[in-house]
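Chain naming follows the written order as A, B, C, D and E, and within any one chain the residues start at number 1.
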Amino acid sequence: MTDAQPLLKLDGIARNFGAIEALRGIDMHVDRGEVLALLGDNGAGKSTLVKIIAGGLRPSAGRMLFDGAPRDFATPAEAKAAGIETVYQDLSLCTNADVVANFFMGREITRRVLGIPILQERAMEAVVAQAMAEAGTTIPSLRTNVENLSGGQRQAIELNRFVHWGGKLVLLDEPFAALGVEQTRRGLAMIRQVAARGIGVIVITHIMAQAFAVADRIVVIRQGRVAGDVKSNQTTPEAVIEMITGGTLSGAGPDRDRDTHDPASETEEARQ
Amino acid sequence: MTDAQPLLKLDGIARNFGAIEALRGIDMHVDRGEVLALLGDNGAGKSTLVKIIAGGLRPSAGRMLFDGAPRDFATPAEAKAAGIETVYQDLSLCTNADVVANFFMGREITRRVLGIPILQERAMEAVVAQAMAEAGTTIPSLRTNVENLSGGQRQAIELNRFVHWGGKLVLLDEPFAALGVEQTRRGLAMIRQVAARGIGVIVITHIMAQAFAVADRIVVIRQGRVAGDVKSNQTTPEAVIEMITGGTLSGAGPDRDRDTHDPASETEEARQ
Amino acid sequence: AQDKGTIYYMVPTLLDEFQTESVSAIESFLGQVGYKTVTLNADNKTDIQQSQMNDAILLDPDAIVIAPVDFNALTPSIERARAAGVPVMIFDRQITSTMIDFTSVAGTVEIGHVAAGEIQRLLSERNGAVRGKVLQVLGDPGDPYTLDIQAGFEERMAEYGDVTIISLPAMQWEASNAGSIVSDQMLANPDIDLIFVHAAHLAVAAVAALEAAGKKPGDVMLVSSNGAPVGLDLIRQGWEQVEVEQPLYAQAAAIAMFADKVVNKQPIEPGTYEVLGLQSEVTIEAWGPNIKIPGAAITRDNIDEPRFWGNLTAPKDPITPVE
Amino acid sequence: MTPRRRALIEFILDNLVWLMLIVVLIVFSLTVPRFFQFGIFANIFEQSTFVGVMAIGLAIVIISGNLDLSVESTAALSAMVTGLLFATQGIGMGITLGADWLLIPVSLAIALLVGTAIGLINGFLVIRVGMSAFIVTLASFIWVRGLVVAISGGRSAQSLPPAIRVIGIETVLGIPLLAWISVGCFVVFSVLMARTPFGRYVILVGGNPNATFRAGINNDRILWAGFAIAGCLAGLAGWLLAIRTSGATANLGTGMLFNAFAAVVIGGVSLKGGIGRLPGVYAGVLLLYSIHTAINLMGLPAHFTQMILGGLVLAAVLLDTLKLRLRERLL
Amino acid sequence: MTPRRRALIEFILDNLVWLMLIVVLIVFSLTVPRFFQFGIFANIFEQSTFVGVMAIGLAIVIISGNLDLSVESTAALSAMVTGLLFATQGIGMGITLGADWLLIPVSLAIALLVGTAIGLINGFLVIRVGMSAFIVTLASFIWVRGLVVAISGGRSAQSLPPAIRVIGIETVLGIPLLAWISVGCFVVFSVLMARTPFGRYVILVGGNPNATFRAGINNDRILWAGFAIAGCLAGLAGWLLAIRTSGATANLGTGMLFNAFAAVVIGGVSLKGGIGRLPGVYAGVLLLYSIHTAINLMGLPAHFTQMILGGLVLAAVLLDTLKLRLRERLL
């Protein structure tokens, strides 16, 4: 599978924040039309990696090849122009604007009047209404500001806008965390449809069932390094969980004796 | 189970935001030592209900009895004083402060020097380090500001601080949404321990497995009304999902023909 | 007094004692000759004063007395008022770029001249000749008032090469700025003989700074301008030697004396008139009739004369309109 | 509550400032002698021109999440440059161009350039260097005024040539041309803000710049544009002010900043960014100058006017604040 | 990079403003004639007292997420009240109390009360009524100054009795008592902010008031305290100012607001709230007044001082801004 040119290839991507090494050299790839589940413990570095691919953060070291060419995106706008769509874990909506404005953020439908682009509100509203209905999310009014929406409603806006813009690679950072059962089901189906169009998808989740339902391949990150890279039909949730925790945590139950530990040095150890 | 005085009893709680009726009369109760899973679709009104119980929102109508007495909390501080601890869906951390300051927010350990309360930073740091270790969450340094933490690390702070304060009733609004596998497992175990101490727990989640793993009883809210109230060992995930979606959505797949619909009126209908 | 009508007085600011006292003087003197006065304060803002002029014109006053915020910027508004048939009198701050119905000023450049004369006298009394070091504390450098005084002062001092003048601005006429300047300069130039401040309220802070620097009255001489009550107090305490006063009462009285003529659009004859006992000269200039009232230097010797507005004893004799 | 009733209340609340303006004008007309005459209304219109034009730019910068405290000094600088170059008396250099009709476009272009330049300097320090807009523009407020004092030497320029002065003297339909200019600016910029992607982006960037950045919107371009527009319109305000004054003084425009901010806030713009519409700002400006004019006409004791003005402005802002509560109560 | 090296860099960056202060003092000592003498340093100390005391309160309000533009006018009001009641000349009423030693505590108490009252009025409008702190305190800036004009009638009060003046004249260890007072205030409030729950809550509320509200912290109490402290310290600054100038004029303190804000920002306080420590603010004040003093000594042309001051302050703020970049680069 690495014989053909992959859509995205990461080569020793590292990133540190001051003393903290969030990523210590990530090598991985995604193919066209492939759904890759990126798994890992809290703080493993998944979101940091997504931000690097999406152009929001610069890596401290490493190379990235996208669509055949080496790339180094300085801004999300550049990544977007190259065909990378991203749904971030910490939502990026403007809560002071309504659903339609958020859905179309940066890609408004306009018509030129005397050479001036004029917003076409009705056309945009119709598109949003359809997208939300397809996703199974009810929103009282598309003209209410996002600040008045529930957590799931917000996430639905962000998750569903990416489908409309296509692109070549889609990054989804815990896109179902706030979604309801039915909305998650449809979201998973949508990912498969998107992949079927030849788009590469990286999806991050903590729910094994979701990963196994949608992914072709699973990559596990542990403490900033790739700890596993397997086809999802050649492994089990238990094995993946073992990769995620590295076995180190499973012995450390809340009931173990910790009075002998110095808490400060303990966190130090855990990071090494 | 309603013969004994319940810990919390809601009686026709309603709340509207302008034209939007988020809650249309909720009747339910929670007993001491009971874990109640509050389920419902996105936008069903779960978080609104939590905010009302926690004192952050005033109901438009309805009565609430807590610990035997009718209560109408004007602020979260009052609810807290009465023994209600809350973990909110949209996290409530001060990202400009460090982990310790956030963990102890409003409950700092102090020692009086010349009558002036002085913060005891070391003592507080030790407590936080232990709590985080027990929860299985690694945080590089407890003195980094929360803005530098990952989504799961943030949620861990918020989820774990409630255990230290005890209280009588704990409200958890999607507390595991960003947590890893191991952290979620420990979180669920912690909920059972807390309940075993006689504390009532209301937990909101969209993951059936979590609800069935931890809850004694399941209450389903649909469009602002209670749509079901069953013991968790007397029902199945499928039946609960049916209650959540009300069957209305399951027929509406993304592939159905929607060109005949006017999207605007459709959202109207869905709300009615 | 009978009720002859309403006159508007446009005062430029009320943050300074001279202007403040001018309001009471003009209101009282015009009252004595039969006019009701309405005062509008422009807070040192040219555009506000223009708006006030425009609004006042619509109210058909019998005349407008204006002490312009800026000496000439009010010209369009004055023209507009006169075109609308409202006569305009200028108080205290000269405008020469348009026709005015009556002008009553002491002259700011002249204040500088008087101060220069006094300072020459003080320096030669102390040093035997006109030489030494003078610290000149200006007001705000954006205010033409202080610039005129500076120009007049430096013009007359130019010929004395032995006098070093250090000039620093007290931004926004703020007193503690003046205090800081004095305390810093007393260290940098301990040999300063005399401090010339452009307003009496700055002198107060200057004295406080001298006091904090361990000086006694007279160690460093002090001259100030405008003749405010605080300045007179400083003379009485011995801190200050000379206050160059603007003849506020006489200036205001002249306005009242000629008000009838201006309102009734009668010609004003040139010549010498006695205004509150001061011989004042009315001339017909390019910009209209102009009365110039001499300012005076206040020293220990004449300080108690009631004609100094700083004593705040408004003249008892009633004002009589010029026939 | 019926949807129609709710829509009506929404409409009234959205336009509360216009309602306030009308009520205030009626009250003043009934209580202040000689207030009710055409000339007074024309005066209010004219006097609100300068702060009105300035407030448009200020509102745009504020909606984009920044702040510009320098607009007042910028206007003074452009007025001083205009006066210095074209006035014939005082420090004016009385430059004449080949043809008289050239005076207006050339002087206007220079004034706008001066204003835009200051705006771009502010923009550079805020956007490129990353300093806080508050402190950058507060410093500009000081140094630009200092520059006015420096280039003028504290003196004034007077007597602009009649070919320029015509802008300040002409009336159309009995209303001063100056007033029409500010109305025109409000119309143009209201359309820009409400109907074009640029206006939409200003609001979005003001709400959550991180979100727009991630969405591929060029935040910096929007912020640059905001500062440039604020500076440019301040330059226009200064040009108009110079024309009206027929020259310029070193302290011209002092205090306009307070009025511009008050108008923007009364007009419903949130100082936190992301919220506000321009027509309301115009109503705010008119409201403010109605108050100013009424105070002029009432002949209050001069020592108290400043306090009274401050109090009345607070009251006007207060009403805007109560809007939120009313909305919660009524809807 | 070794942890020790990193810790050193962290320390330097955290205290960059002190480093800047030292560098600036050395540069001035070498370049400005007669700058390097004990008296000048004592002067800088003394002159920074007023803005320094004011800046403490301002910093606390800003860290709590609000803003107080009225501190300058509040100081002027409390100075005027002090002058009016106790000065013996001008409009001073020259009140004498039974014993001379009573003068200091009584006049101080009155000044603090006046300041606190203004602070509480601001607090009421912001916290209870829900108006924006910017516009409320901008209005206070106007109306409080108006009140000074109103109560003084534009006149000044002069000659405070020696029993009060001693505060402005005495020195301890060669350093003016005034300077010691501001040092004392900084020490007390620094401890309050860094070591007590109150200080912690000010920072938390400034960061995310919603979080603290939910955590059961009484936000309003913290915000009230912030405004009260800002007003009270402005009152103290006014009292000291009156003592230093031995009276009060209607425009006393004009322009201090800019200095106070500049000091706060140079000192590393974020105007967005939630970030800042007081010792840095003191360094900022000292830095600012070193610049002022240098300008006083350099004998620059008066017309340019304002520009130069604005530019130098910008440069100082700039260095603080670069800190963030340096941190990113170095660590």
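Assume a contact is a pair of C-beta atoms (placed from the backbone, for glycine too) under 8 Å apart; a residue touches a chain by one contact, two chains touch by 3 or more.
Nothing here was measured: the structure is a model prediction, and the numbers come from that model.
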| item | value |
| --- | --- |
| Minimum number of chain-to-chain touching steps separating subunit A from subunit E | 1 |
| Remotest chain, subunit B as reference, centres from CA atoms | C |
| Most contacted chain pair (by C-beta pair count) | A-B |
| Between subunit E and subunit C, distance of the C-alpha-averaged centres to the nearest whole Å | 34 |
| Distance between chain centroids, defined by C-alpha means - subunit B, subunit D (Å) | 48 |
| Distance from subunit C to subunit A - Cα centre to Cα centre, in angstrom | 74 |
| Subunit C: positions in contact with at least two other chains | 14, 141 |
| Of all residues in subunit B, the ones touching two or more other chains | 19 |
| Touching two or more other chains - residue numbers and ranges from subunit E | 149, 153-154, 303, 305-306 |
| Sites on subunit D touched by subunit A in the complex | 195-197, 200-201, 203-204, 206-208, 210-218, 274-275 |
| Contact set on subunit E toward subunit A in their complex | 3, 6, 331 |
| Footprint of subunit C on subunit D - complex, ascending | 34, 37, 39-40, 43, 46-47, 50, 89-90, 145, 148-149, 153-156, 158-159, 168, 241, 244-256, 292-293, 296-297, 299, 301-303, 305-306 |
| List of subunit C residues in touch with subunit E within their complex | 14-17, 19-20, 138, 141, 166-169, 171-177, 179-181, 183-185, 187-189, 201, 204-205, 207-208, 211-212, 228-230, 233-234, 237 |
| Partner subunit B, residues of subunit A touching it in the complex | 17, 19-20, 40-43, 47, 89-90, 125-126, 129-130, 132-142, 144, 148-153, 156, 174, 177-184, 186, 189-190, 206-209, 241, 244-245, 249-250, 252, 254, 258, 261, 263-264, 266-267, 270-271 |
